[in-house]
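Two complexes are shown next, each including chain A; its partner changes from chain B in the first to chain C in the second.
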Partner chain A sequence: MRWLVLLLFSALALAQPLPGNEPPPDLSPRVFEIAAKLRCPVCQGESIAESNAAISQESRRQIAEMLAAGKSEQEILDYFVARYGEWILYAPPKKGVNWLLWFAPALGVLIIALALWRYLVEARRREALLGIDDKTLEEIERRLEEE
Partner chain B sequence: MTPGFLGNWSLVFAFLFTVIGLGLAIGAWWAKDARYIVAGRRAAALAFVATLVAFGALEWALLTDDFSIIYTAMNHSTKSPTWVKFATLWAALQGSILLWALFQSLFTYLASRKLRDYWMSPAVLGTLFLIQTFFFVVLLFITNPFLPVPNPPADGPGPNPLLQNHWMMAVHPVLMYLGFVGMSVPFAYAVAAMISRRYQTWVATTRWWTLTAWGFLTAAILAGGWWSYEVLGWGGYWAWDPVENASFIPWLLATAFVHTALVQERRGFLKTWNFAYITLAFAATILGTFLTRSGVIQSVHAFSEGAVGPTFLGFLLLVLAVGFGLLARVGSEIRDIGSMGLVSREGLLLGSSVVFATMAFVVVLGTLFPLVVEAVSGDQVSVGAPFFNFSFAPLAVVMLLLMGAGPLLPWGRLDDYSRRALVVMLAVLAAGTLAGLVIGWTFGVSLTVGLFAYNVVALYYQVARRVAVWRKKSEGWGSAFAAYLQHSRRSAGGLLVHFGVVLAALAIAFSQAYRVDAQKTLRVGEQATIAGVPVKLLDLKAYDQRYRFAVEAPVEIDGLGVARPQLRYYPTSRTPLAGPSVRYTLFKDYYLILQAFDRQNGEWATIRLVITPMVFWLWVAGVITLVGVLMIVLPGGLPKPKEAEVGVVT
Partner chain C sequence: MRRWLYFGIVVVLGVLFWWGLQRDPGELKSVLINKPAPDFELPVLPPYREQWGERFRFSDHIGQPILVNFWASWCYPACYEEAPILQAAWEKFQGKVLFIGVDTQDQEDKALEFLNLFGITYPQVFDPRGQVGIDYGTYGVPESFFIDAKGIIRSRFAGAISAEELEKRLLEVMR
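After this line comes the complex of A and B, so read on.
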């Protein structure tokens, strides 16, 4: 009786139930490591390792099968890229405009540090200017008035 | 009287009091008369009371199942437990904005009570009232939760199931809004300082408000991390999701400000930088709301989309225009003068500011890059954890290095005591890293262990130096330490925050590097090992909990008792939600997820086991950090003695 209720309920709740009532395959840690690099196509910003959506469970099964068939990590990632496009990768491929992204952190440090360095140099230069003796200051003022 | 009637009218009154307050602030500026400020304070109090009544009205509707207003009709269910009903107020857009407006009016009132500077007060109050006006305009004209529903339904769908899944959801958004709203006061002070041309004194007052907001943001980020950990069902606490990033950006900028503010207070440097940091930090709180509420970005945390996107974008641009418009004038008027050595406390504080600003830049860039690329070329890219981890790791190392040495060095120079300490610290860093490598940890983890030891030694030297001074005046080391805590509570709090962050870094390094994740199907009664851990599936049970239906698979973990992972079916959700079960131990968390089960005969269940080391210490680190923040921001305590009075140990 309990399982009848459960069956009815899950039939209602699962719009796309997994085919049949087969248990999903056992998955090794390696599967999840690879799955974490792939984006779940139907979720709101979760990886295939994180999401429990049907498509993610299916993708994890595929990864396990490909690993069992002796495929390398790169081959598996390529398979998903061929199927969904490069959007599926959480690490944008290092090419084209994406180089902008990968170099940006280094560029950011440089720009901010340079801005700070320039600021300090200027502040010191002004201090040095202030440090000039009164005679020179009077001379400057006199010349300014003459102009 | 109905909740809808009460709510609508109290919002109207709150709006009116806010506009009156704005008028009074302008009057105070115009007439240079402090009586306007006193009246403005009363307007702020009245606006807060009116908003509190509106908040009460919405709770009234939720707790009495009144479906005659749009918010309850769309987001409430009679079947929810009482705490969910109460927290439903901030489970969707309109209610969240109401909560935000409530906190904004509270902070406006609190800030109005702490005004000290007659020149700046009108502009501080005016800016806060202006921000508050924005929220009431949004509430009244765009997302009014009290709009009447012509044919009230008998029951509603209830809030998003993910939000009903954990009690933390009642806490996390509240803390987050307190943190966001808290940043409005520093912004108001920055604007006021720039308008009234008082560029130096605002920093000390603002640092207190910023630290308070920083504490709320820290607590909120931790609570969110814990919620993700216990609810999202994959055993992680941080995923570089756009919404997580949106809360992280103001946190980073506030952190940068807290450090450069010290430099300005002491040496008068970086006046323009501090204005920029505060403007950006406040703008970042609005940016986050815009990104998550407008639907431009996909996120697992974006629970309340709505028509407020363009309004928030407009407000964001206004904030940036005001902040940087005024800053342009400041930049043309003042030039800081002086020189500083980089190997000194101020030099390292500046270094930390570069690190935090770069971190904020990286998070903004990584979050917005996909949007920009799609807008320009139409291509879709994803930027996720691999990019952020790659860019944050080196920045974090530099941060941890600066963090140990910074507070140790005296202002302006390097003395013998800190030079000796630095030598020992660097030796400990090298020894710790080497020991880690010998044990066989990854380079990143070993380096973090070394940096942890380096920072602990640094803390020892800093505290020892101060306690030694008190030792001369007191009975023993114990009372010397107590005297130190009494007289230097704030700087001790700062050191405690640093220790919390270092501990968090250690926990993050281990949990990221040594997480193991595996999945296995077990028959009921079967004993097996998952990822090397012996487990036994005891049973498979189903519960009808009225507002949801739960399937539970009790699993006995060798030596750790029984974990009870669940799958939960909500009427409004097409797919079941995971109800993970975590067995916390000091050094390893065992995280179980029920992945699938035999729907016909109840004979097997598929269990996913995630083993993550050191996660427990992340939460400990969070608590330590918050205690440190409290030590800094709480009022009272004995004054800090002048160095000349007690002498310095060298």
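After this line comes the complex of A and C, so read on.
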């Protein structure tokens, strides 16, 4: 029985987030969910959720206040876009030239697949040429000599 | 035919590379350019209260060109380089352009030390949370917004501004 309790507690301990990774107690995980969609303006490759820069801390606080005021996620994202432009969004909105960004990876894969397919066709053709049996090869050589 | 295709790709990549090199990473385009400057109301720092009152509301001052400068005492060296330039320009343009310093995410005592160090005489407001900075879409400090008499943002400068650049932009909003 004692072992069972110990095992249960160990399992619970494992289920906890790593120390330092959990959101501060005063802000709800929902704040961090929205903050993760916004780029930290003063950082390199960090979202407002991850960054500890003063501007990110204040942005998280503003998100929490807007949520408490009943604003929707889209309204909050729009608030930041109106001030920083679409640059602030981690996922560029699917419109206009942005479609290029969304399709570029698929286009890249398609180009690589086409190039690979062409290479394989060519390789198979060569293999087919090289794969001639000795008898036929001798026949070809004999004919060439005759000419 | 194929050779031309490869040549074309190299040329396109070369042009893109050249274009990238020409871009100034310090030149941050604000989405607020040619839009009304966000209004704000903040407490005035103690040494400026006698002349400017307890609180400063931006919209009360529309009607003259305005320079809004975001700074902090912890912003070293950029804000320290910029402060004497701003003060000199204020002495020159006072009466024609209103300067407002927004002390951002700072401690009041440190901010007062900074202002005392440079003998800053134009009004200073205190924004410990940095809410107004986010409203203006700032990336950091120092940052300056040049606003015309109608309250429209005409340009933004990120980083420590030089005397020449400052004067050029002030003359632009005074037009």
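FYI, the second predicted complex is superposed on the first by the 101 of 147 C-alpha atoms of A that agree within 3 Å, B and C clash if a C-alpha of one lies under 4 Å from a C-alpha of the other, contacts with A are read in each partner's own complex, and residues count from 1 in each chain.
Keep this in mind: a residue touches a chain if its C-beta (ideal position, glycine included) is under 8 Å from a C-beta of that chain, and two chains touch if they have at least 3 such contacts.
What you are looking at is a predicted structure, and each value in this text was computed from that prediction instead of being measured.
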Which superposed partner A:Gly85 touches (first chain B, second chain C, both, neither): both
Partner chain in contact with A:Val97 - chain B first, chain C second, else both or neither: first
Per-residue touch tally on chain A - higher for chain B or for chain C: B
Chain B versus chain C as contact partner of A:Ala54, first or second or both or neither: both
Partner chain in contact with A:Ala113 - chain B first, chain C second, else both or neither: first
First, second, both or neither for A:Lys37, with chain B first and chain C second: first
Partner chain in contact with A:Ser28 - chain B first, chain C second, else both or neither: first
Chain A positions touched by chain B in one structure and by chain C in the second: 54, 85
Contacting residues of chain C [partner chain A, same complex]: 29, 31-32, 105, 129-131, 133-140
Parts of chain A lying in touch with chain B, wherever the complex brings them together: 2-3, 5-7, 9-10, 13-15, 18, 21, 23-29, 31-33, 36-37, 39, 43-47, 49-54, 57, 60, 85-92, 97-98, 101-102, 104-105, 108-109, 112-113, 116, 119-120, 122-124, 126-127, 130
Residues on chain B engaged by chain A in the complex (per definition of touch): 232-234, 236, 239, 241-242, 269-270, 273, 297-300, 302, 335-340, 350, 353-354, 357-358, 361-362, 365-366, 369, 373, 377, 379-387, 390-391, 395, 516-521, 531, 542, 544, 549, 551, 569, 573-576, 578, 593, 595-596, 598-602, 604, 606, 608
Parts of chain A lying in touch with chain C, wherever the complex brings them together: 41-42, 54-55, 58-59, 61-62, 82-85
